[in-house]
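Report on one structure; see the data block that follows.
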Amino acid sequence: MAYSVRRLQAKDKAAWLPLFKGYITFYKSTVADDVIETTWQRLLSDEEGFHKGFVAVDEADKPVGIAHIIFHRSTWSPTWYCYLEDLFVEPSLRAGGIGKMLIEAVYKAADERQCTRTYWSTQEFNYRARGLYDKMATKSPFLQYRR
Amino acid sequence: MAYSVRRLQAKDKAAWLPLFKGYITFYKSTVADDVIETTWQRLLSDEEGFHKGFVAVDEADKPVGIAHIIFHRSTWSPTWYCYLEDLFVEPSLRAGGIGKMLIEAVYKAADERQCTRTYWSTQEFNYRARGLYDKMATKSPFLQYRR
Amino acid sequence: MAYSVRRLQAKDKAAWLPLFKGYITFYKSTVADDVIETTWQRLLSDEEGFHKGFVAVDEADKPVGIAHIIFHRSTWSPTWYCYLEDLFVEPSLRAGGIGKMLIEAVYKAADERQCTRTYWSTQEFNYRARGLYDKMATKSPFLQYRR
Amino acid sequence: MAYSVRRLQAKDKAAWLPLFKGYITFYKSTVADDVIETTWQRLLSDEEGFHKGFVAVDEADKPVGIAHIIFHRSTWSPTWYCYLEDLFVEPSLRAGGIGKMLIEAVYKAADERQCTRTYWSTQEFNYRARGLYDKMATKSPFLQYRR
């Protein structure tokens, strides 16, 4: 089976929903249904200041992976930073290169915007994904504090 | 000497510059002068999508510390996240509560915007600051990857 | 193929050597040949104060994995601590339960000596092994400093 | 006040006890009184395989800091490793160079034994001590797992 990455579209909602929920569950977290609906509307709006969505699709154009990015300003950059907030691949299709394709699509979108940084976070224990991240990016020495 | 925190103003430029540069130097990094000038203009613009600046000032209204924050959307939030990108206090005035006052001003600004998360990053070795951060926030178990 | 764990024996030298060297290479390190020979002699000596060796063997009694432990005193324990210094499984046989069997044999040896702690170190990036360690032990919040 | 470091002696018991207990409390841990008594006896025994104790003393020869080390074999070394298990300085005397003197005495003892490694552990949050450790040693990239 061959996969490709394209922008998220309105017709993807039914397939997008379990992927986004799968991602949230992976981090043992919860997001209220109305917030998920708001996020869905914002992803489709294509407005400045909101996230852009990408999906990896199979040959039948069925989404099997998602990536949500947001461009934001930085005091250290004349252009933008690209934050990859969410990344998820259907569990049964892991280790087949789909995560890599999604990150490559994110890099391309960041390049088009001349972003001076592209970054994301992951939990320490997320070993399988980190095997991929170690190949495509650099672990920063920064810690995050949250109120 | 008593200190207070207020929004950054145009008259602060001469005092703001060495504080922002001190911050950049602390992280053994560099930012081009024209980017710093762009950042200064953006901080004053008060436009949506750009950073807001706060300064801690002494009794003569002289800036001795800075905080730069940006509000951005999150797919996990109906409102906003508040990212504290830069925080710096004049080295000779450390450990006197100025950093704490700046973070409290950031929390207040985040609350006014109903932010569901306020966060920042710091390097592992930044022990003195982390002593304060440990009291005011929680170290997240997340690692950051950067392209 | 079934595997079992037994104490290291003199006849194991030819099979033990590439396993110990494989372990050293995994950590991108080197140990001089005469030190390796000294270690081999000590492992066989069964004297107090030196390491004890375990091997995982296949049905032909061929070593395919090794574990070296040492018991040492602790100021916090009336008995002993058990330090698992080296653990290695033939790469082609990974993820088949051999590492788990070796750790279980270490735990048994530690119990026989009434050790109040059994511990080992690993590098942050050692994701595959850590997936196993997370199931069998607890990551401590301690950092190690070395002269 | 000048300080110096010498080997622990039988007459130090009354001063040693609150220092060792202070250390244990710092790590929010407990050690039974009979284990502490056993440790005391072992520290004085000067027998192979048990810890050696050092004390930093003031001009009245009163102990104000302690260091306990143990030499143990390593499969990677023809000689010994030196493990600094406990290090504590009277809280009111911190940041005055006493910790540094104790570590230097440990290094000297390790050199006399031709140790190929001297190491210790500390918790991530132990910022003040780590400021010293960062100057005198290197943080290893190793994590510790404990049963």
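We call the chains A, B, C and D, going by the order they appear; numbering starts again at 1 in every chain.
Here is the rule we use: a residue touches a chain if its C-beta (ideal position, glycine included) is under 8 Å from a C-beta of that chain, and two chains touch if they have at least 3 such contacts.
Please read these numbers as outputs of a predicted model, since none were measured by experiment.
With centres computed as the average of Cα coordinates, no chain lies farther from chain C than B.
Taking the mean of the C-alpha atoms as each chain's centre, chain C and chain D sit 27 Å apart. If each chain is reduced to the centroid of its CA atoms, chain A and chain D end up 48 Å from each other. For this pair, chain A with chain C, the centres built from the Cα atoms lie 40 Å apart.
Annotation for chain D: residues touching 2 or more other chains are 130. Shown here, the protein chains touch around one cycle, each chain meeting exactly two partners.
By the definition given earlier, chain contacts exist for A-B, A-C, B-D, C-D. Those residues of chain D lying in contact with chain B across their complex are 125, 127-128, 130-131, 134. Taken in their complex, chain C has these residues touching chain D: 20, 24, 29, 31, 34-35, 38-39, 42-43, 48-51, 68, 70, 72-78, 83, 85-86, 107, 110, 117-124, 130, 133, 136-147.
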